[in-house]
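Before any comments, here is the structure.
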């Protein structure tokens, strides 16, 4: 259980910190330090096991479907990295406690730092590659938060974005790569993957896998051409730079290379991709570092270069190179962290990090200067310091590489050149900041030594640099051995960690590098004005910004073109897609078989009715700009449709269509009160032509489709309805029995739609006072009398008669044309007629029009009727009927479906009345308002 | 010459008469030159046209054995509503006709 | 299954609650609201119960009106429909709670009339659509949920909502008409409406008239594509969703899923691999369009100038992702899609609610992505960060797991390279979009102190709604194992259509208690 | 008692007959018709503001036949007009002064005028003292007015205002 | 008859689509009405053509599809008519409310927004 | 067999012709009241048509449709006319 505890510690700490009060910086720091130190302690407790070659493990299942287990393992490599993370973490916490300003939100800083620490530990401890990806992205996110910590600064926000885009994107690529590995291997377990190197390399997916994984690693480790985010990340507070952007997070990329080396290495693609990337990064980083003026900038480019070096070492695919790589990871972490902290101290105490401002600091802060100089020397690869040893190993590998072709000379040459650059920028760091007394710029603050505790972490790290540099085999030997063995996944090669290997070629290279570097810097210093040299202005950062800006503009343009806000355009697409969807199968099939089967002969009346319908539909389209006219002509279409229904044996439909048509016309007239009487003419003929073409295509398409279907024989389920409507449904009007019984559930939904429409209309118009500003064009009211006497009297006379017909239609519905909806519409129309004749106020006063209550009650009644069948353990809406024998009168049919139909009726009346009177009442409000 | 045949004859005649007047109404609708003239046309259809057809229908269904009288209701409703339609249509057409003298 | 009628209750409960809310509202508005919240909670309990029942793996039919399928309308509860019910209920609980909160202008639900009735009717429509086994009945429930959504969209009024609703209503009415036409054509060809029966008859008819059946199927998929926000049918969506009030928008997050659900249902049951001449009509169009949707939705997210719009584009992008996986039509991809569906729904709903809260803490700026003062920055920021990571598919949340499942499942597809590129690249795009938006809104927040005083803390119910969804998200991730097991099983069940057909068509009506039907009295 | 049960007895009777016309005279329908004839007037009570009072039933029946006869005759006449040359048509508006005061009577008169082809009641003056009639072929205006007043208005006055 | 019905549906759908694509709300309502007619007649016709065979069971006439029209499409159309009536009502109200709120009955936002803003 | 059966198809055809004539007026106008009148005529003609069809097919099932047109068919005419004369229909 120590392993999950180790992984959980930072998160537990984060939880505690997040519960602390807002500015409890000290408590947050103590918590963080406790976390880091406890983690170190756990690592030391586990050390004997790890050094004995055991791999402690712990895991539980998380998403078996994905093969994602939540598990950790601690081998030598993980142990080394974990120690780095926790050890340097502890030092950084100490440093940050003094570095942060009193105004900075300290709690937030330590919270993010702990989250990062947890994510980083997760990466190195993960026993499952997918879990590794999880933590990998978590480091990107926490890094985003930390870079943007001073979020009032624009550069901080921008840098945070850039880092997130690059590393987060790389993480997604890594996810792809890992998923491919899982697909090849059949498992994401680290052991399984490491054991399956041959399978992976043999897979056709090997190269994509490798490329995706490398994308993840290279973006994280700031390899060329993704390196540019790292210098920008220096906008973060210096402790963050020291911790994330030199010692730990950027090492995640090389950790990944190390971790997956047995699985992905040992191949030509690996060699070329990794080596060349590393070499390019090494040279570019080192070269650009020389010309930085910001201390942190110099260190950042140096970091890039050193990461390139490590990557290069892994790329060489040689056991010794791997050992050197692991060793250099450690060395770089120590000296670079100490250098960043030193730079932070300088910044903190002088108010500047600009080498064009700083000079002669050895006088005011001699201890810091001494520490920084030693660390810089380690960075330059000066003997007796740790950097020298790993660099010598690198030179040896570069020189010893047995590759034919370009690499034989490119690699040694590149190595020496990089060495020269490294010495040059290290020299500049030392000279320009601590010496260079000739410079006479004014330093913002009077410099002095920092507090002891701020310097202590630097001292610890510098001591380590020295100790490792002087006695590598004793100090770092065992750790390196166990880590390198875990990395190689094979027995270690022979190597010796000694300072002196004799006058060999690598030594010669070192000498050239040291001398050449010194010459280069002092030559530049002497013969140029270094402080005016600007390099790397058109670098990746600018490219990124350019691409981002252009990309965003393009994306906006595309979106604006698509989301034009034009309903016409949207609808055209919909119709066009539907037409295409309908036509495509026919196109693919090469047309359709023209029917040969017999058709029903045309009957003359139907032909005439059809002609009227066609003409009226076309008329509606032609006259549509004159709206009243269009409504009139549309009325004829509705009439024709219902006559067609009559002729083609659908009396119920005819009734419904007729009544719905009448109600719709009334609605349209009511709405026209508030809308312009005419549509303005269209401006674009071309567009109209498109619309016409589309309309024609849609019309022809549907006509063909209907025709092709109509001439086919069919075998419908409907014979069942015909056969059972009377004996089982208790009604001879099969349509009605379907509506209230077989498919009563549809009807329930249908009346809900009607009811909800009414509710929505009531909600929308209920308390709408149409604003005065809206000028409604209406024909002038020339008629003096709003309510002609004739209309009044006829409407009043009709109402009782209509009521009678309503009851008639309602009661007969089950057996003959009629039913609840039809009856409801009839009564609603009569009431509307009355409202037209007498005015809506007149009717309201008499009807006490709470029509929504009718609607709700109707729906409830219909539902309750259906629920009633539960009482006798039958499904919802099971109907029954019986005959009640009444003396003299005879058998009175009692059908539960009739109750359901009554619900339909009530809903319909209520809903239609709500719709029509809500609209009608608008005129009242207008009278009040205007 | 049974009653059935007579009734058949009568109902056929009624259909012919009804259809004739309905058709005349529509012909007038097309033929006449101004609205007020045309407005007189549908009254043909709505009175004698539909009326004769309805009576024919009553006879026809009675012949088939099912007494059918709701045609009367249809006539009743037409007689109630047709004048209102015409009345309102005149008013709609006259809305801006200043030529009618006020009484 | 202790009580057989339980399956229909998810439809009836909201119906009754909606009607009662209508009746109560004029006099006792608070009682109506409380009733609605209570009914929603009851619905959640019921949905969870149904999921435990469905988890056993049986397809449970329910013959409405006691008519044998395909003659009557049948409901069918399987793993997928049960899952959809739970999702709906979870989101609905959040929306109902949130609706009860609000600032000094009054609670959200009181900014217009009949909110709770419309809300309940919307739930009725959603649940009905998920449960029904009848194509025309599906149309009816589509209309129920749509018309309620029109009402909810208009809730609160204002010119912007009216404009948005015109687009929304007209577009969806057109789609509904198309739906009718597609149903008509299918009925004309097969003579049936029950989906299980259709599944049986389509291969037979398609043997004779393959092009006609395919065309009807494709038109049907176009209709569902409108709901599911498939390119080029989603353009109405961002403006609409971002115009709705927060609780309505949160509920809308489930609406695109209705489209996805329907596509998943018909492309497996009716037009799946076994459909003879009409098999796999959606392939390869659907995945291709889905990928294009995903790309363009990501563009939209990057271009969005308001948080609400951004979230709406996230809805589109998740729909694209889902349709991609569903369109591939294999058990692993569909299973992955269903897993992804859970989280994407919760996240979209939560983001809609959160964006509303944020907007009300930013004064005039509302939810525009521009520097403005912001009250309660830390809390909002943390939650936004969490939800944004979830939405972008960044670990450790469900979005990541869902996408990983999907990528892993699609590795052997012919289009794998394109799929992977699109899914991963759009993930990055959305990450960038959210980071940009978040950094502007939270990092460039100015003058927060002044706002702090002005803006009230979100009310208890608003915070409860957000907390509820957050818990749901976290719970899904923590239980990703069982949950993905369930979705995998749901996908498997979906693809083995035999069980569904057998359950629905083989269901036996209850024996009648008495039989007046044998009576000899003529009606 | 009867008055309260049947607030509008004439309407009740009409409804009862109409019900039987619609549904036939089976016992069940008789019962139902009776129920409806009672219930509907009661339900529509608020809508009846000023009730017509009928009297002079024989006059009513006679008027009915007169109108039917006139409809047939004028139909034929107008059909001839329509089918003949249009020049023969001489349309005109005529204001007919009204003696009848009862609004129901006025409406009935207007209806009759419209139903008999060739004449259309087009407007009613605000004071309800004049009815504007459009004639397809007016001929003698005074004669037309006299015919209307004598043939239709006089009986209607008796029917609707006889009780006064 | 089949061809006539198909042509009728086609004209309804074509005119419906054309009006649907107009730029003002009322025209769109007209278009949707025509389109819904088209859909209804489509559904209706899918029961195939039956003249003088209303699906109302007569005693003595065997209840089969040979003697009666297919009743199912009738029921479906009935439902569709009601639904489309409700939708039309709502759309009209939204249209006039939008007109009142924005002063324009154009289907889109302020005319400057889309390039596609042509009326007609 | 019976005379009526020979007359009815012609009668129906004549009504259809009458409706076509009304359609001509509906499309031709020229004024809106003309078109309203044409629509009204179409409604009246349909009553006759329905009755004749009912006679021809020996069914009473279309009576309700005819009844409803007779009873409420003028609602459209009324609404359109009222709109023309008052600019509003429910006041």
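Every chain is named by a letter (A, B, C, D, E and F) in the order it is written, and numbering of its residues begins at 1.
Following the convention adopted for this analysis, contacts are C-beta pairs under 8 Å (C-beta built on N, C-alpha and C of every residue); 3 or more make two chains touch, one makes a residue touch a chain.
Everything numeric here is computed off the predicted structure, so don't read it as measured data.
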Set of chains adjacent to subunit C and to subunit E: A
Least hop count linking subunit D to subunit F through chains in contact: 2
Pair exhibiting more inter-chain C-beta contacts, A-E or E-F: A-E
Chain centroid nearest the full-protein CA centroid: C
Chain centre separation in whole Å, for subunit F relative to subunit C (CA means): 47
Subunit A and subunit C, separation of their C-alpha mean positions in angstrom: 18
Between subunit D and subunit E, centroid-to-centroid distance (C-alpha), Å: 40
CA centroid of subunit B to CA centroid of subunit F, Å: 10
Sequence positions of subunit B contacting 2 or more other chains: 20, 25, 27, 39, 41, 46, 70, 73, 77, 80-84, 87-88, 91, 95
Shared interface positions of subunit A, touching two or more other chains: 564-565, 567, 569, 571, 575, 631, 647, 651, 670, 672-673, 702, 706, 709-710, 714, 716-718, 721, 726, 732, 743, 746, 750, 753, 756-757, 760, 764, 779-780, 782-783, 788, 790-791, 794, 798, 801, 805, 815-817, 919
Per-residue overlap in subunit E, given as positions that touch at least 2 other chains: 20, 25, 28, 38, 40, 42, 45-46, 51-52, 54, 56, 72, 76, 79, 83, 86-87, 90, 94-95, 97, 101, 107-109
Chain-to-chain touches, reported pairwise for every pair that qualifies: A-B, A-C, A-D, A-E, A-F, B-D, B-F, C-E, E-F
Of all residues in subunit A, those that touch subunit D in their complex: 784-785, 788-790, 793-794, 796, 799-801, 803-805, 807-808, 811-812, 834, 846-847, 886, 888-890, 892
Of all residues in subunit E, those that touch subunit F in their complex: 51-52, 54, 56
Residues of subunit B that touch subunit A when the two form their complex: 77, 80-81, 83-84, 87-88, 91, 95-96
Subunit F residues touching subunit A - in the complex, by the definition given at the top: 9, 12-13, 15-17, 19-20, 23, 26-27, 29, 32, 35-36, 38-39, 42-43, 46, 49-50, 53, 61-62, 64-65, 67-69, 71-73, 75-76, 78-80, 82-91
Contact footprint of subunit A on subunit D as seen in their complex: 11, 14-15, 18-19, 22-23, 26-28, 31-32, 36, 40-41, 43-44, 46-49, 103-104, 106-107, 110-111, 121, 124, 126, 128
